[in-house]
Amino acid sequence: MDNILRVESLRKNFGGVVALDGLTFEVQKGAIKSIIGPNGAGKTTLFNIISGMYRPSSGGVWFLGESITGSPPYVTAKRGISRTFQNLQLFANMTVRENVMVGRHCRTKTGFLRSALRLPGAAKEEKRTAAEAMDILRFVGLEESAQRGASTLPFGKQRVVEMARALATDPKLLLLDEPASGLNLRETEEIGRLIQKIRDTGKTIIVVEHDMSLVMAISEEVLVLDHGRRIAEGPPRSIQKHPEVLRVYLGEEIPHAQSPES
Amino acid sequence: MGKKNLFGLASLVVVLLVVPHLLGNPYYLGVLVWCGIYGLVCMGLSLFMGYCGQISLGHAGFCALGAYISGILTTRFGFSPWPALGVAMLASLLVAFVVGLPTLRLKGHYLAMATLGFGMIIFVAAGGDPFGLTGGPSGFWGIPKLSVFGVVLDSEVKWYYFVWAVVLVCLVALLNIVHSRVGRALRSIHGGEPAAKAMGVHTARYKTQTFLLSAALGSLAGSFYAHYVGFVNPHPFGLNFSIHLLTMVVVGGMTNLWGAIAGTALLTILTRYFRVFMDWGVFFDGFILVIIMLVFPEGLFVGAARRLGGFVSRKRSTGVPGQASRQAAGGG
Amino acid sequence: MELSTILQYAFAGIKIGSIYAMVALGFNIIYNTTGIINLAQGEFVMLGGMFTVTLAKLMPLGLAFPIAVLAVAIVGCLFERAAIWPARRSSVITLIMITIGGSFLLKGAAMQVWGKNSFPLRPFSSEKPINILGAWVQPQVFWIIGVLAVVMILLTLFFRFTLTGKAMRACAANRAAATLSGISVDRMVLLSFALSAGIGAIAGIVITPVTLVDYGCGSMYALKGFAAAVLGGLGVSAGAVVGGLTIGLMECFGAALPFQGASSYKDGFALLILFVFLCAKPSGILGRAAISELKKF
Amino acid sequence: MKRICIGMTALVLTAMLVVTGCKKEKEEELALAPYKVGAVFAVTGPASWLGEPEKNTAEMIAKQINDAGGINGHPLELIVEDTTGEETATVNAMKKLVDKDGVCAVIGPSRSGTSMAIINIAEDKKVPLVSCAAAAAIVVPVKKWVFKVPQMDSDCVRRIYDYMKEKGWTKAAIITGTTGFGAAGRDQLIKLAKEYNMEIVADETYGPKDTDMTVQLTKIKAANAQALINWSIVPGQSTVIKNARQLGLTIPLFQSHGFGNIEYVKAAGAAAEGVLFPAGALLGPEGLPDDDPQKKLLLQYKNDYETKYSDAVSTFGGHAYDALTLVVKALKAVGDDRAKIRDHIENTTGFVGTAGVFNYSPQDHCGLDKTAFVMYTVKAGKFVPVEE
């Protein structure tokens, strides 16, 4: 069995609005899979359900063969699913390194009492966490900015910090919610390279993205959603010519780099 | 916990040791005893508010629990002070757990109202005296003095050293917590709850634990109050006190434990001083509060520290403008 | 319980509840434009009463009423310009602290001006109680209910049909978007302070004839009004009325509970219900969950 | 903008420092060291209408004494501290007076709760305290260093019950405020009811900030009482009267001696007509017989106070008068030794004050009994002694 994630007949309604409508798909281990679709197609809702922020109305999610349907986020994080956010959610009250160190939270275990007394184990773990955070920052190329306040960085770098933070949880599956939104052409290319570099370390990545050039450049597979339903799935080239996809997009707007924020 | 904090602790110890020799008068030490007692509550509140990003308008209730349980057990049931203090703290923890479990799901002003309601319920219960133990609105007196290692705390000087020793111990423990995995987790909740959750922080549990910790400190301060004053009635534990605690924490700078201590000391001393102005005292209280918050929106200590350059990069964004967070949340 | 007794309690509850509702309306208006709870709101109520007591000695009540409301609205504007506006970029908690400071300031100032005694105000019409199905009701109670209704209707019309009202609602819904569409958020905040100070003053004026007014009476109104606003759902006008009346009625029926000393627990009783209710429905009776998420301290 | 703010703050703070600094310097230098007496009153806060007349009175007397050359040549230095009606602030204020200022005696506080809070300090530090609060618990049981000048609430209750008994009323409804004063009064009302064979048919309370007592009074109305007794010191007692009359409650209405401020009558308006309450003779000294020992003193105090502060005299100011005069008498006799002052006060007899003629003893630190009360009623908006 080489799928890492399986989503089956997933439904989610908010009051009367149906955000996901019986969605089923799989993600292969080690792949980069992109999910595209017009605004309101249910992409972010899907992420929220996989990562445990929302509970689905019905249907289920299986991760590495085990059901994680409705597991709270602290459980899914520990199991190996991490994510970034469409609108940046960095901890503005911390430095870059501290942000990344929070990512190590689910892999460490010092509690109130042990930290209050600063037992030797706690101090050691703290030191290790700091070192690991630096390793990750080095990997994404941000070690220079480690001590800066997270919100003082330029926007493009903040996106990278968010990825580094997600990486710090040591995920098997990484969910990236519009990693290129708000970035310029050069930054988008850089982020694309970074995503591939992360994949090359053996991680599986799902990207929700509006920027088609990025999607086409990095994904092995693309899933197209509309109104919470799958309308197409396959390699990027075949998706581009898929009649249903063209209809959905032409009916709204042509997807393009720098698609406006939802 | 970093050089700055060690330096801070060292300076605090020096100041604490020097002060009694500079102030020839026990009265001033008495004021500092109050600073210490309030400081205990405010540290816990700072952890809960500034680090965890929650709000409580009900901590006077925990102080009341500590004071009343200590007082009732020692005067009516023959407990000696220390076991009574322990029972008070356990009871406060239990109450905090029962109250915290449902309320900590609430956010913002709703949480403020729920905690306020809790505090008022304790206040009303103390005044209504349902079990004939609290003495109703008149309260009761005759609470014995506390003794530490055989030394009876019967003077301002002894109380001063004792309370501040306790404050120091708690401060060190809390600073340790703050500069650890737990402290980061708490700050991540303040920074953004969804992201904290996604990083695997069990936000609900951390909020509850912090609430419990701050309740225990409140109860401790309350017990000290009872033994220090020797008399307990509901009046000092009303909503005004909760608001006063909140003010001390915010004025000092709630995102920093040192701020909580600084704010407590400043306001306790200032309000004492303002009593000199009699009728104008209330006015000055308000005036100073408004001016401080206008000049140092993120609190005196944090604001001053930033201006001195020490915290520039770290703390730049702790006082993220309400507008910014609102836009982020509103637009998303 | 007999019908007349129940009615008697209900009238007491509605009377005091209407005042809480008006205070809560004031809270909501400022909350909607700024996201803060203005804890000086109770002082506006007190000032309304105080100004009217003073003015009523010089002129007929009908004239004193609007002048007092206007005066308090001006105080609200001054307060906003002097203390809130300079801190408009600060966090919510800082702004709330400023309103606490403001409430001390206004209280202290009122103490200087009017001293420490309580003042009465004559009722708007006759003082003779009316008997309704066995319950005795002061005519002033009908004034209170009537004024609340009028305030509510005018506010609804204002928010629904005037350009300014719509602009204020836009600020509430999305500040950034409102700014982009050319609405001066600053001006809307100023206006919201004027409006809510005015409504607070109206509450103070109509309640003073049945109670009294002294410089320190504002904090109680602020507390109860806050409870009412939260119970009803912050930011929702109808919620303020529902919340206010509910709390007023709960207090009165709580005090009437048939056990010894029930009246000592009435405030606790109302708050306990509120507490339990919030735990069950975290956004209040008519509130929307999403809004409660927005405000960070 | 910020610079201006900082500047302003600094300016104001310096100004305040200078002002307080001057205050201290201003004391005139007399040959002998001043006698220091402390006073703790609720000058601000919710009980400020109690503390204000007390402070005014104490300051007025101190000035009169100093103008007349002081006490045996020593000027009287009165140091007033504001308690804001809060227990913690009172504890601080008391400690400041005792430790920092080194006063030889303390008068006040205004409220029963704050008085109870500092009894410990007076006892521990051995400082005579003359409380201006009413609750009997302050001096029963007797505390060595604590005295009080207002009439006991228990005696006030006795006075009311005597009156009721005379009229043949045996069913009383009581409504009390949830403050130290109200609660202490409620205790006495219930305790003494047995002794007088009174039946308490309704027992209700209200908070110090309540603005409506209709519910409690409706319950009382249903209880068929023959008289209603209200016990509180908050402005709420005016509301009780108004609400009671609006509900058509026509039974006689008694108030405690905390009603001794004409402002309450004004606040209650026409509804206050006929309200009965016991209080010291201060409220209507004109009516006293000329040979009454108190008459001259009462008239003079009333006149002095009302001309100086253009405000109606109240019994609360009278308590401060009694307390300070008592201490001054002791100072005159034995100097400023704390223990000697205490002993002197304890042995004071026949001291004529505004609240009555005081006779202290080691068993009685209040010095007054129920004869110190005159039953008043309200007629045409004025306090009038009841003809008996």
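By written order: A, B, C and D. Residues from 1 in each chain.
As a convention for this text, contacts are C-beta pairs under 8 Å (C-beta built on N, C-alpha and C of every residue); 3 or more make two chains touch, one makes a residue touch a chain.
Quick caveat: nothing in here was measured; it's all calculated off a predicted structure.
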Problem set entry | Distance-to-centre winner among chains (Cα means, whole assembly as reference) | B
Seminar exercise, completed: At the largest C-alpha centroid distance from chain B we find chain A
For this session: Could you grab the centroid distance between chain B and chain D? Build each centroid from C-alpha atoms only and quote it in angstrom.
Result: 35
Problem set entry | Length of the line joining the C-alpha centres of chain B and chain C, rounded to whole Å | 30
Exercise. Where the CA atoms of chain A average out and where those of chain B average out, how many Å apart are those spots?
Worked result: 39
Exercise. Which residues of chain B are in contact with two or more other chains?
Worked result: 127-128, 190, 279, 281-282, 284, 287-288, 294, 320, 331
Seminar exercise, completed: Listed in rising order, chain A residues that touch 2 or more other chains are none
Exercise. At which residue positions does chain C touch at least two other chains?
Worked result: 86, 111, 219, 261, 264, 267
Seminar exercise, completed: Chains touch one another in the pairs A-B, B-C, B-D, C-D
Exercise. Inside the complex, what are the residues of chain C that reach chain B?
Worked result: 31, 35-37, 83, 86-95, 97-98, 100-109, 111-112, 174-176, 219, 223, 226-227, 230, 234, 261, 264-265, 267-268, 271-272, 274-275, 278-279, 282-284, 292-297
For this session: State the interface residues of chain B toward chain D in the complex, per the touch definition above.
Result: 25-28, 30-31, 34, 127-128, 136-139, 141, 154, 156, 225, 229-231, 233, 235-236, 272, 275-279, 281-282, 284, 287-288, 291, 294-295
Exercise. For the complex, which residues does chain B have touching chain A?
Worked result: 1, 173-174, 176-177, 180-185, 187-188, 190-192, 194-203, 209, 213, 255, 313-318, 320, 328, 331-332
Problem set entry | Contacting residues of chain A [partner chain B, same complex] | 51-53, 72-74, 77-78, 82-83, 85-87, 89-95, 98, 101-106, 108-112, 115-118, 122, 125-126, 129, 147-152, 165-166, 168-169, 261
Exercise. Where on chain D is chain B touching in the complex?
Worked result: 2, 5-6, 8-9, 12, 16, 20, 23, 43-44, 55, 80-82, 84, 86-89, 91-93, 95-96, 98-100, 112-113, 116-117, 119-120, 124, 135, 137, 178-180, 182-184, 187
